[in-house]
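Next come two complexes built around chain A: one with chain B, the other with chain C.
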Partner chain A sequence: MMLHYFLRRTFLIAFVFVALTVLAFSLSYLFPGEVLNNVSGLTTIAPEQQQELIQYYALDQSVLMQYLGYVHRILAGEWGLSFSSQQPVLTEIIAVFPATLELAGYALILSFILGIPLGLFAAVKADSFFGKLISGITLVAYSIPIFWWALLLIMLFSLTLGLLPTAGRINVLFDIPTTTGFMLPDIWLSDISYKSEATQDALRHLLLPAIVLATYPTTVMIRFTRDSMLAVLEQSYIKTARAKGLSRAQVLYHHGLRNALLPVIRQIGLQFSTLITLAMITEIIFSWPGIGQWLLDSIYQRNYPAIQGGLLVVSCLVIVVNMLTEILHTLFNPLARKA
Partner chain B sequence: MKKFRLYFEEHNRGPLTQLWQQFQRQHVAVFGLVIFVFFLLLTIFAPLLSPHDPYLQNSDLLLLQPSWSEQGLVQYPFGTDDLGRDLMSRLMKGATYTFGIALITVIGSLLMGLALGAMAGMSKGLKSSIFNHVLDLALTIPSLLLAIIIVAVLGPGLWNTTWAIMLALLPQFVHGIRNAIQDTLKQDYVAAYRLDGASNWQVLRYAVLPNIWEHITVMATMALSTAILDVAALGFLGLGAQAPTSEWGVMIADALDLIYLAPWAIALPGLLVFAAVLSVNLVGDGLRTAMTKRREN
Partner chain C sequence: MIKALLSLMVPCGSVLILSACQPDIPETIQQGMVYCSEGSPESFNPQRVTSGTTIDAISQQLYDRLLDIDPASGELLPALATQWRLSEDGKTYWFTLRPDVQFHHTAFFSPGRTLNAKDVTFTFNRITRTDHPYHAAGGAIYPYFQSVDWGSLVKAVVAENSNTVRFELSRPDSSFLSNLATDFAAILSAEYAEQLLQQNQPELLDQRPIGTGPFFFKEYKKNQFIRYYRHPEYWRGKVELTQLVFDLVPDNAKRMAKLLTHECDVVAYPRNAELKLIAERPDVEVQSQISMNVGFWAFNTQKPPFDNVLVRKALAYAINKDAILDAVYFGYADKAKTLLPPTSWAFYHDLPEQEYNPLKAKELLAQAGYPNGFSMDIWAMPVQRLYNPNALKMAELMQADLAKIGVKASIVSFEWNSFRRKLSEFEHDSVLIGWAADNADPDNFFRPLLSCSAAESGSNRANWCDPNFDTLINQALLTADIKQRRSFYLTAQLYLDEQMPLVSIAHSKRFQAKSVKITGVTINPYGGISMAAARKSL
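Showing the complex of A and B:
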């Protein structure tokens, strides 16, 4: 049963990856400019070089051969050069991607810590004042445009009160050697004398972007936990458990929570692509050197190979997270294993 | 106000009336509907209502303060921007762009979603399986990334990004409509209708669609709130509407340089986006609650 399920999943993932590479491959033709420039990433190509490159990228052969060559190069880690810096696209992505993961990860963790208990509370005490208050605030926070919310917080905490910095991951005065690309682990792994000051500064820089980015997933988490808990509490097995004489807390924990959190796990996967979009916008506002800012710079500079690479990396991340949450959901929920 | 009933008779109202009765009971939702209608009217009549030309630059009145401050003028309720354009007229005209374009994208996406969702919902086996896989791919590309790719291919502009938003909204419509159709197809009345000799098209037209339209409306309101946020965000990033256009997101981006001098020029357009999205969400939530209550009764 499980094996069959995993086989189906693997087939689906393989199909999605093929379709994704076909899309990325076709972009070389769809983007303005010469195909040879778009494929290789070279801005200027000498005439004597041209024939050699056409041979190398198989541009004189059929589209199928070109595509196979493209997939081969992608797997070999040869993603072309960036138009603006003439550096390999993959190296640039590896430099910026951890920043995005870090920001999105902290925001997601924050949304778990806040969202699930608040959602449970709003469901259990649905008719009390606080339950209604939570639902109301959730609806308001759900409707706020993220870039405006970020600007409001900047205006309040940075410009008026002067409490928090507005841009970057850490004060430029701190020189942190890059080992993993993630700021906090980098600080702890490095052998610098000002570790605690650097950690503090990094946290101060992290606070506003993380809060801004966490707003949307937290509200989604609250709404979903609340709705699914309310639905579960209506079920007859809850009544049975109560009738058997279990206490309210026991019923909530053993019968309510376990069933209510199942759809929430799935929702993380479905909302992840929205989270990445929001992370990209947050990065731009807070000058956070992640993949969102890098991609937007790429579009302003007409840096097509970079956009192609960004599409692959970001979509792969979303696919992987989707797959992981789905597998988790199936592991926890035997009912989902059919089919 | 109960009607005097002489005979015992069953009083059945149409589904629409029942829905409205349930909707009416939720005061917050009605409040949302009022704001929604306000924005809708503003979208249509903004050119007639705005007190000044939103693009007219008045070099004598640069960065005029709002009329509630000492230096403000009552003719310019929200003041002027750094080129002397009336902020209120620009905000009103902005409704046409942000709200209007979002409406158009949702309608376009809904129509495409209906066609594709009906096709996916009525088909079985391999065809529907392939369809699902393609949709899964579409769901994995974040909407902003989709917009970036479309802008890279077609160039920036309001109408080009409209396609990106439509494509980004499409998968959820198709998924939702397909699931709704498949749920309805399992009902006994559909089987009965089939036994009467109804063709696929007749089943869809007369048995399925009348039963899922409520569901579709709720989906459309949810999509509308996403669409408004997307239009404004893309305008803010400079990918959608371009500079002189008074789209709300663009206006916020324009006013960023003046964040110290004129904070209200950032606060007001954002507030409008927020109010528009909130009203749509209130109506959507109200509709959903009304729908479940109507089904329960």
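Showing the complex of A and C:
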């Protein structure tokens, strides 16, 4: 049964990838400028080079062959050159992507830590003052435009109180060699003598962007946990469990929480694309050197090969995360497997 | 949780035990400085660029030149060359090189020898000799040297022995030494270039630099930062800063915020409008320096009615420069009398100031045959430059001034690249633009802006070709006697005042804002900033 389910999912994901690559492939033809420049990423092509490149990129053959060649190159890691730097696009993406993943990851964790307990509390004490307060604050936080919220926090914590830095991942004077591209692991893997200071500094840089980015998913988490917990608490099996003599805590933990969190898992996948969009805005405000900043610069510079590669990576990530949460949801929920 | 957050916000845990603060932080961080720059460098070789942003970041920090310019007097000082002499006919120069000058020792290069004549011939032959292995690397682009016609001037650069270099010129040129002292004439390492050729990576010469300067290159993260470390064997003596980081922050407001939160120690180009505000803070200091630049309004002198000198003079009388200085430069600029800034040795101090007199302007217009005025375009450059921080606003003010004498002006602006292209094709009536000098020689103002050859190449925004003027500035170059040169330049300024191909408006000051902990960062009026003497007090 499970195997059948995985097979179906795999087919689906393969189909989505094909659709994505077709879209990315066609961009080379839809963007302004010469197709040969767009696919190779070379800004200047010498006439004697031209024929060789046309053959290499199969531009003299049918569209299907060109597409197959494109997919082959993508899989082989050959993503063309960036117009602005003439460096391989994939190398640039690998350099900036971990920063985005790091920021989004910490924000997501933060939203779990805050969102789920607060949501549960708001459900269990739905009629109390604190329950209503949480619901109220959630609504406000959900509606705040993220760039405004970020500026407010910078004004307060950085400019007025002078407690936190306004930009970047770490004090630029800290010379941390890049191994993984993720700041905290890089600090721990390095052989510097001031690891704890560097860690503390990196966390101080992380704090504001992570709070800003976590705001939206946290509110979503609170609302979903609260609603789904309220729904579960209405179920007759909860009443039965209480009638059997289980304590309130036991009922909540064993019967309530597990059932209530199922739809929440699914929400993560659905909200992930919003999270990535918000991460890009956060990156711009806090000069966080991630893929959002890089992609925006590429758009400004009409750097088509970079836009193409960046879009492919970001959309693949969203799809993969979506798929993973679907699978997780199914693993935890026998009902979904049958459906 | 809250306690943990608080401890993050307060650096090193507690404010009370400040003395025990940051015990393990090494000197490279405590004695490091962060300079927040306005943009990314295009290259790490000064020969290959002209942009001030790049020159600020690379030239004075990584390299040395044969000669330096004294920022105060504009005189030439020995640098990598300890002495120099000139032949009788003014066409041959000999330079004696300083002994024991060490190149940078980095992760990618270990120098096997000190500076010698080979490095100098390598550096300058790269520009002119097409058989040089590096000449064509990166497209044979040497914009500064091309602009001063270096190729036709310098016939040969020869190493006479290991510490003497001979430059043979095709004609005497008294601005030659000034050109050698510009930030563009940095001396590269021939040994490093050879190593790169063997490794088959010649392109790295301009990307992973080796020089003799006060700092050596550690890493560059595009759009993020450039990291330099102190060159321990710098020939001028000990550099105080252990580390120098250029934080690349193109956004003006972000740069300012980072200064206030002490993420930046020094900030380039604070906005004029904010200078007063930040100067009030006790932890921040604003420095200013007269800079060798000029903002001007150039007429297309080949197009009627601007081919009539009376019309040009009338327009000059119509402009209220004081109002422009207040509104556009916020008072942080000197009113310009002529192209040259008052700090130049050739400046004509007794030149009468251009008067603001709309009545006189109307009279002149009537004399020229335009009693009812006419319509014209003012092209305003779309970017912010030191010499003109806001050309659009300036154009609006001038529009109002011109309306008073019956001239109807419309403002035109394009995207910067097409703007410059259309300008060099002389599609404009008049344009608001300017010039920043690369060296202390007055020739650097007159020749690129108003000579006939500049009109041909398109950089003469007034499209003005006057044989009388060209003779004056050419004669000034043929002699090395500074008094004679000065008298030629005074005549040239007087002639410009009569002919008025352009109206000089202002010489702007250059500003930087810095933390009070930092001293010794000097802005050079002729170009790049230098951090060699900077120090940080804790």
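One rule holds for everything that comes next: the second predicted complex is superposed on the first by the 338 of 339 C-alpha atoms of A that agree within 3 Å, B and C clash if a C-alpha of one lies under 4 Å from a C-alpha of the other, contacts with A are read in each partner's own complex, and residues count from 1 in each chain.
Convention: a contact is a pair of C-beta atoms (placed from the backbone, for glycine too) under 8 Å apart; a residue touches a chain by one contact, two chains touch by 3 or more.
None of the values given here were measured: they were computed from a predicted structure.
A.B. asks: Quick one: is A:Leu139 in contact with chain B, with chain C, with both, or with neither? Answer first, second, both or neither.
C.D. replies: first
A.B. asks: Could you tell me if A:Leu159 is touching chain B, chain C, both of them or neither one (first, second, both, neither)?
C.D. replies: The answer is both, since A:Leu159 touches chain B and chain C.
A.B. asks: So in the superposed three-chain picture, is A:Phe31 touching just chain B, just chain C, both, or none of them (first/second/both/neither)?
C.D. replies: In the superposition, A:Phe31 contacts chain B only.
A.B. asks: Taking the superposition as given, does A:Val16 touch the first partner, chain B, the second, chain C, both, or neither?
C.D. replies: first
A.B. asks: Who does A:Gln51 touch here: chain B (first), chain C (second), both, or neither?
C.D. replies: In the superposition, A:Gln51 touches no partner, neither chain B nor chain C.
A.B. asks: Can A:Arg204 be said to touch chain B (first), chain C (second), both, or neither?
C.D. replies: A:Arg204: touches chain C, not chain B.
A.B. asks: Check whether chain B or chain C contacts more residues of chain A in the superposed model.
C.D. replies: Partner touching more chain A residues in the overlay: B.
A.B. asks: In the superposed arrangement, does A:Met280 touch chain B (first), chain C (second), both or neither?
C.D. replies: first
A.B. asks: Please indicate which partner A:Thr179 is in contact with in the superposed arrangement: first for chain B, second for chain C, both, or neither.
C.D. replies: Once the two structures are laid over each other on A, A:Thr179 reaches no partner at all.
A.B. asks: Same chain A residues contacting chain B and chain C, which ones?
C.D. replies: In the superposed arrangement, which is not itself an observed complex, chain A uses residues 159 for both chain B and chain C.
A.B. asks: Given the complex with chain A, which residues does chain C contribute to the contact?
C.D. replies: Touching chain A: residues 5, 8-12, 22, 24-26, 28-29, 32, 34, 218, 221-225, 227, 243, 245, 247, 249, 254, 257-258, 260-263 of chain C.
A.B. asks: Along chain A, where are the residues that touch chain C in the complex?
C.D. replies: 85, 154, 157-159, 162-168, 171-175, 193-194, 196-197, 200-201, 203-204, 207, 287, 289, 293-294, 297
A.B. asks: Chain B touches which residues of chain A in the complex?
C.D. replies: So the residues of chain A touching chain B come out as 12, 15-16, 19-20, 23, 27, 30-32, 139-140, 142-148, 151-152, 155, 159, 270, 273-274, 276-277, 280-281, 284, 292, 295-296, 299-300, 302, 304, 307, 310-311, 314-315, 318-319, 322.
A.B. asks: For the complex, give me every residue of chain B touching chain A.
C.D. replies: Answer in residue numbers: 133-134, 136-137, 139-145, 148-149, 151-153, 225, 229, 232-233, 236-239, 249, 252, 256, 259-260, 263, 266-267, 269-270, 273-274, 277-278, 280-282, 285.
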